[in-house]
Structure formats: C-alpha cells, structure tokens
C-alpha cells in the first residue's frame, strides 16, 4: 500500500535529517527496553524492601540529618547514604529499584500509547470516512457529535470516563510475561498489568482528530474520477471505501497516528499521576509517589519524568520526519497530551 | 527568418549610444548552495542597459532569468547568494550620497551595488529599482487592501526622499517598537493618509475605474488583469528609474496581455524609465524591446539589438528559438521547443564545455572548451558566446551525434514535454525549482 | 451575510453544541456504574434511609424526568446540590472559576509573550544557532508532561533555591487589585504574582512550545510566497515585511488551531492545579471524580464545555475579521 514514491521521500528525508535519526534511535531504545525489560532489569520492579528505601542513584551521596535524644540531650546525627550500581537510579520510598521500574514502565507507556492510538484510529477513521463519503445528514450528524466531543478537554473527559471501569474486571488485566513463562528469566513478575480500561478511554477521547482528518480526505477522494468510475461500474459503497478511499487517506492518518502515540503517552502518564490508571507500574504513578519526597529524595520524581520526555521526544521526532517527508499538511491538527 | 518591423529597427540605429549605460553588469555570478550541490543559476553575466530603453531577456524555463532579476534587486535569500561580479549603477546623486561612507563602491557617477551593505541597498528598492511579477494573484498580500499595499510603496519612497542624505537604515527604518506602537496609535501608522491618496491616483493612472472604491478592496476581489495593473501602480509608486518586469503577462489572457503591454509602453513614454523585460514570449520581445539578451544555463549566450538577434542570430540556440515562428508580431509567438533539456545548472555537472553543446546541432571539437563572448557583425552591441562567431561550421570537426551519451536528447524529448512548451501555461517560479 | 448574522448563527450552533454537551454529560452519569446512594448514605443505613436519600437526591424519578428537571434547572442556573457538601453545585463551581481563569489567562499570556518572538527568530534565522535553540526548546516543550514540569520547578525553584511559594493561592486577582486600589496596598498583588509564576510557567510551557512550532513552520511557508518578494522589492522596511505582512498572515490559520487546542489548555490547567494545590475548577473536578460527586462533575464539565464553545465563536469571528477571504458564510 506504500508506494515507491512515498518510500523514496521517506528515505530522502531520513538521510538528510539528523533529527529523524535521533528519533528513530530513541524510539528503538525505548521499544527494546519495553520488550526485554525482564532481561535488563536488575531487580523485580515490585519487590519492596524497607531497609533499602530512598537510596540515591549511583554515584550520588545523600546526607540526612536527624535529631536524636542522646542522654537527654538533643543531638544532630548525620546519616550518609551513597548510591551504588546495585540500584543505578536509586530506590523509592518503599525500597523498590527505580531503574527496574523505569524499564517496566516503558511497557505500560508504549502499550497504552499504541493500544489507545489503535482505538482512536479504529473509531475515528471509521466515523470520518463514513461521514465524508456519504456526506449529507450522516456527515452533519457525525460532525456535530465530533464538535460536542471537542468541547471536552481530553484529560477531563478521560477522568470522567475512567469511572466506567473503576472496580470492574476490565480496569486492568494481567498479561502473563512470555519470557518468565518460558523460564528464560526468573525473579521477575509473573505477569504484567495492562490497564485495559485506561487504554480504551484514552483512545475514545482522541478519536475526533482522526475523524476530522479522514473525513476531509474522504470528501476530496469522493470527487476523484476513479471513484466515480468505480461507482458507475457498480462497486458497492463499502468496497469503494475499503479499496479506494481508505488507502488514499492513509498518509495523513499515519502521520497523525504517530503524533497521537506521543499525546496518548502524555495523557496516560497524567492519569497515572492522578492515580486513575489502574496500574501501579507506570512512570506517571512513580512521579506521584516521588512528589511526597521532593525535599528528601529528589530522584524518585525526576527520573521517571525524564523517561517520559525521552520517549515522547523520540516519537515526536519520528512524527516530524513522517510529516516532512509526506507533507500531509496537518500542522497543529492533533490533540494535545494534557 | 522573420523580419523585424521597420519602425523599431530604425530607432535602434539612431540609438547607437555614445551615452554611458545606466546599468553595467559585469561577470555577475549567482549561486544556490543546495543539498544536491551548488547551482550556478547565473554565470558570468555581462550586460549594459541604457537609459530609457526596454531590454528584453528571453530564455527557456530554468535558464536563470528570474534569478538575474532578483540579483539585480539584491533580493536573494539563503541558500542563494551573489558570489562574484559587479553591478554598476549610474546615478549622480546616489553616488554623492554613498561616497563618504563607501568610497570603494563609487567610481565617478557609478556605484557598485554589490559592494554596498544590504541596508543601503534596500533604500534603492522602490525608489530606483522596482519589480513586477508573473502572477499578480500571489504577488500581493491577500489580507491587506490593494490600496494600502500601494500606499506602502508610496510611503517607502516618501520616507527615502525626505532624507536623501543619510542612506543608512535609519532613514527608512521602521523598528519593531514603532510597529507595535502603530497598532495602538493610528497616528503612528507606517502608511500616512497622503500616501493612501497617492495610491488612489496611481490606481487611476493605470486605468482602474472607481479607484477610490477599489483601493479598499482585497486582491481576491480583483480580476487578474486588474491586479496586474495594480501591481504596476505599486511598482511605479516610488518613481523608479528601472522597472524589472518578470514575465508580466504570462499569467494573463491574450487580450489582457496586450492591454498590459500597451500600458507599460505608455507609462514608459511618460516617465522615461528603463525597463528590463523578462519573457518567454518572442512576440512580446519584438513588440516591446530595443535590445535583447538570450539566456541559456545562466549565461547570456547572445545579445544585441532586436535586429541583430532576430535577423542575424549566430548562436545555434538563438536560431533554434526563433525556429519557424510564422509571425513575430503576433503575441502568441512562443519559444520554439528545442530537443533536449535545460541543464541542471549543478556545478559538478556543468563541465568545462559549451553548455549548449549537448543539444547543439553544430557542436564541434572546439566547443568542448567553454566559449568566451565574441563580438559579432551588426550593431556594436551584438555579441555571442559561440565559436560560430569566429569560425564556420565544418563537418570534419563535428562531434559524434552520440558524443554526450547515446541519443540522450531525443529520448528525453520524447519522454516529457520540452521545457518551453510547458512554460506556456502559468509556469511559476516554484515549478522551476 | 453580515458580520452580526454570522456571529448570531455561530451562537445558535454553539447553543446546540452546548445542549449536546449537557446531554452527553447526563448520559455519562447514568451509564457510569456505581450508585451515588452508596456514597451519600451512611454505611450501615437500612433500606428505608437509602430510599430516603435517593428521594432527596431526586434519584427515584424516571431518568427522562430527571433529565428534563436537570435541563430546566440548568436554564435557571441550578445545577443541583453537591452530594458531599450540602451546597448548590453552581455556587461551589463558580467560586472556583476565577482561580482557573486567572491561571489559564496567565499561561496564555506567558505563551504568547515568549512563543511568537521565538517562532519569528526561528523562522527568520533558519539553520542558525538561535533556530536550533528554539526548535530544541519547543520539541522538549511539547514532549514534557506538565505535571512533571511543575514538580521539577517546585524541586528546583522552591525546594532548591527557596524562592517562590509552591502551593495554594492565598489571594485572588480581584481582591488583590481591590486591596491595591482602595488601600494602596501592593502586598496583595505581590503575593498574587509570586504564587502565579510557577503554575503559569508550568501550564504555559507546552503552549509556548506548540506555538513556536506552528509559527516557525507557518512563517517559513509564508516567507516563500511571492508577495514577500514583491513587498521587499517595493522598499518596505524588513520589520514591516516580517510583522505586518508575514507574521500576520501566519497567525491567521494558527488562531483557529489555538481555538481547537483550548481543550488542551483546560486539561493542562486541571493537572497543573492539582500539582500546585490551586483552588480552581481542576482540583474540584479531580476530587469530585474521586468521590463521585456527580452534580459537581456534571456542572464543571458543562461550564468547561460552554467556555470552549464561547471562545471558539470568538476565535471564528476573529478569524473572519483577519482573513478577508472569509465572507462570513
């Protein structure tokens, strides 16, 4: 479905843009991290150990002052903790290894990002193509509905919608970790908590952008001669939609989808930060945990945030590359992350 | 060979000028530094343009005509730059003005524009040089009323004249803070009401009915011909000495084309300005120009009076262009397609030969060395970059037909429409990039 | 169509959208599992008390009756009573609104002040160090979750440097101004500004970054158009070419995009408020969702929806005014 011309321009843009290369590297690193997290992680990300709490990252020395009563006198006791490579990013307040948590957090972010985008593409493109292709009442109705949806900020709507899944079985499902199952690694969690409810919600709140784009494409493709020809030859609407309209509106949809993955990852982290995601193994969730220890253990909140920035920068760079190469002209036509 | 209307040819003879040229372009070189490589868009271009004449530049699309025009105006943007050559402009007052600050740039009445800093150069735009473009629709700002856009040109000129002694950017300077102030206070606006009145007069001058009303309208409310008139009004606002017209009629209907050309002639007679007319259209050249330069691959390959070039062309490219045009008077006369393609102008692909050799039916062994400019019989202006000016063609020294890759020109010609044919329509600058 | 007719038509459309918003919100409430009575009635309450609570909340009526009740109430400004606090939802919501509006406005102002010059510099100095700096900033800016940015600012500025307060807003803008005007007391305004800086920067960064990107690419497009060359050729000073001509035309399409991104601004405000304990609509919604205080959730969503619609009508009108090609159809 991807023509040689498209491939060519992708290649040309890639070879000329340093940024695209950086983006690809970042995304690959995050992707591989997410997949092979159990092999890389030095510890079980959920394993707690109170005697190991609040250890700073490797190489950082951290001093805490405590007042103690010694022989009825008040004294300052300084405790010095030194980070070691055993916990490269240090540990959180419950003694969990932050490095391992960051690695596993990549799974949550990417799965929700990709899954949510798939939901958004599925609903949005479907609605948009139908609206644009049939036009008239159908179009009016669907687009007014899109207008209504637009009036809700994605984050607020998502907050209101996660209520649907709260407490239900679908809020989060456990996916067995194939590597652990196969006995390739041990000491890692048996299964991985996938926040299904959250994924559906972040997808639903973002379908409008896809609907708008694909509607526009369908509107213009409908006028093309070959579509008219196919129609006069008796092709059904459904066939035309699938064989002509969809493939030809693919370029802007792909570019938008890339940007949306980034936006949805940001949204997921926000919801996790607020504690509405249904998983506790997520960068946003860790940031929320670390927020209470800003005065003492700055790394808990800082490091997972850097992981988000790196991931989202990478995806946005890929998005820029696709947009520059394919130029579908969708500047700013996408939902923000927050 | 078509012949030139007599009236024109006669004036030509009388004008064999003793007078010093208004503009002396010497070895001008303009390059674009693109990712594909260095593009030699203008190559060692040498020209004299005299007071009050209409000088035509013809050539296929992509031969560097527009870039030449922009180089003269000093309006190249990155990645383009004038990399060499001189651009002597004769204006006594201007020479006096810049002499103190830039003594090296001045030679008698002449100022070398290329050695002036860009802010001084800018003060010449509108007031000494101005330009009209091919596509009037896209050459005016769509969101500002036409009258106001013309008034801006009037204002630029008014501000420059108000303080002719100091050419530094101060004179015409209009800083960001002033602009911000002006959005708050009407009295600080760049365009004053006198300028708006003058804009209306100019619109009347170029024959726009209901000028006071139409001045308030936006470009999309005008027709193409009207808009081209408005653009001419805008170009005239600064009472320039040189008007550069880059394919001023290409985008217009044939009947409108004639009207616009008449208007230009009329205005030129009134103001005595000099016009550098760039066109694809040999009919326009024959109708308007006193002298003409034929451009190919960034070079002027042949130049001279209209009679020189049209009646006694020496360069095979010129001959090819003139080809079999039935009637030069007719406005529809277009460049004749010549088999083969305009070269890419990429530095590393150009080589040291005559740039036309791969398409030239008379290419010979000596043509593998780049030809200098030779004087040719005819008027004293007649010159060409072709060995045929000195030697006669001989089969003995001819290059093999497939010397430059087998049958390449023919195949290319069959593959896609030949450039000039394509440029018949609304060929914009973007197309040639 | 005249300008007024245009605005009137957009208003009517807006009212329809608002009605849709109200309906959707209402549906949302009835589709979400969880009986509010569970939250309101005491844990050990018998069936009788529970029925009584349901009747008090109007939950014993058929849904369509509740819907029309709600709709008519809304027209009169009545959004029902908070389940948790026995106060009208509307008064709770409107008490919180100024804080949110102040935050959103301050962030917008921050964004506009920084983004447009950065975008212009970036476009006009393409491929120069300034451009690289601005592009990198904007890339990171749109990729940073704003709650994390807020926390990092607190960490660096408040915890680290010990300047600027981190939370709560002790005084609103209006009281601060009143204090200044009537008592000539500057302290109120200073407190207000000190508390506003970090939240406004937190919320404004994403928008700054986004507008820088839009301005840069829009302006590069615009600079390539031939009217720019023509405007330069007639001797107009470069400042005017850049700002009056190019920037203005660049902003015309950007304004529409910004209208659409308003939702993102509000969403960002919600979470920024949470980070800074800001007593606005955002913290209200988050708490209400936590305890399923539906009248508050509904009311807040509707207020936000209405705000979105009104601002977008204003944006459309501005767009039509700036773009002469739109003849208010």
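Per-chain numbering from 1; labels A, B and C assigned in written order.
The working rule: a residue touches a chain if its C-beta (ideal position, glycine included) is under 8 Å from a C-beta of that chain, and two chains touch if they have at least 3 such contacts.
Being a predicted model, the structure only gives us computed values, none of them experimental.
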Pair of chains ranked first by number of touching C-beta pairs: A-C
Farthest chain from chain A, going by mean C-alpha coordinates, please. B
For chain A and chain B, what's the span in angstrom between their mean Cα positions? 55
Rounded to the nearest whole Å, what is the centre-to-centre distance of chain A and chain C, using the mean of the C-alpha atoms as each centre? 23
Give, as an integer number of Å, the spacing between the C-alpha centres of chain C and chain B. 53
Please name which positions on chain A make contact with chain C in the complex. 144-145, 147-148, 150-157, 159-164, 166-168, 262, 266, 269-270, 273-274, 276, 284, 287, 290-291, 294-295, 298, 301-302, 305, 308-309, 312-313, 316-317, 331-333, 335-338
With touch defined as at the start, can you tell me which chain C residues reach chain A in the complex? 16-18, 20-21, 24-25, 28, 31-34, 139-140, 142-148, 151-152, 154-155, 159, 206, 210, 213-214, 217-218, 253-254, 257, 260-261, 263-268, 270-271, 274-275, 285-286, 289, 292, 297, 300-301, 304-305, 308-309
In their shared complex, at which residues does chain B touch chain C? 70, 73, 75, 77-78, 122-127, 129-131, 133, 135, 138-144, 149, 152-153, 156-157, 160, 169, 172-176, 178-179, 190, 218, 220, 231, 234-235, 237-238, 428-429
Which residues of chain C touch chain B once you look at their complex with the stated criterion? 126-127, 223, 225-227, 229-240, 243-245, 248-249, 252, 322-325
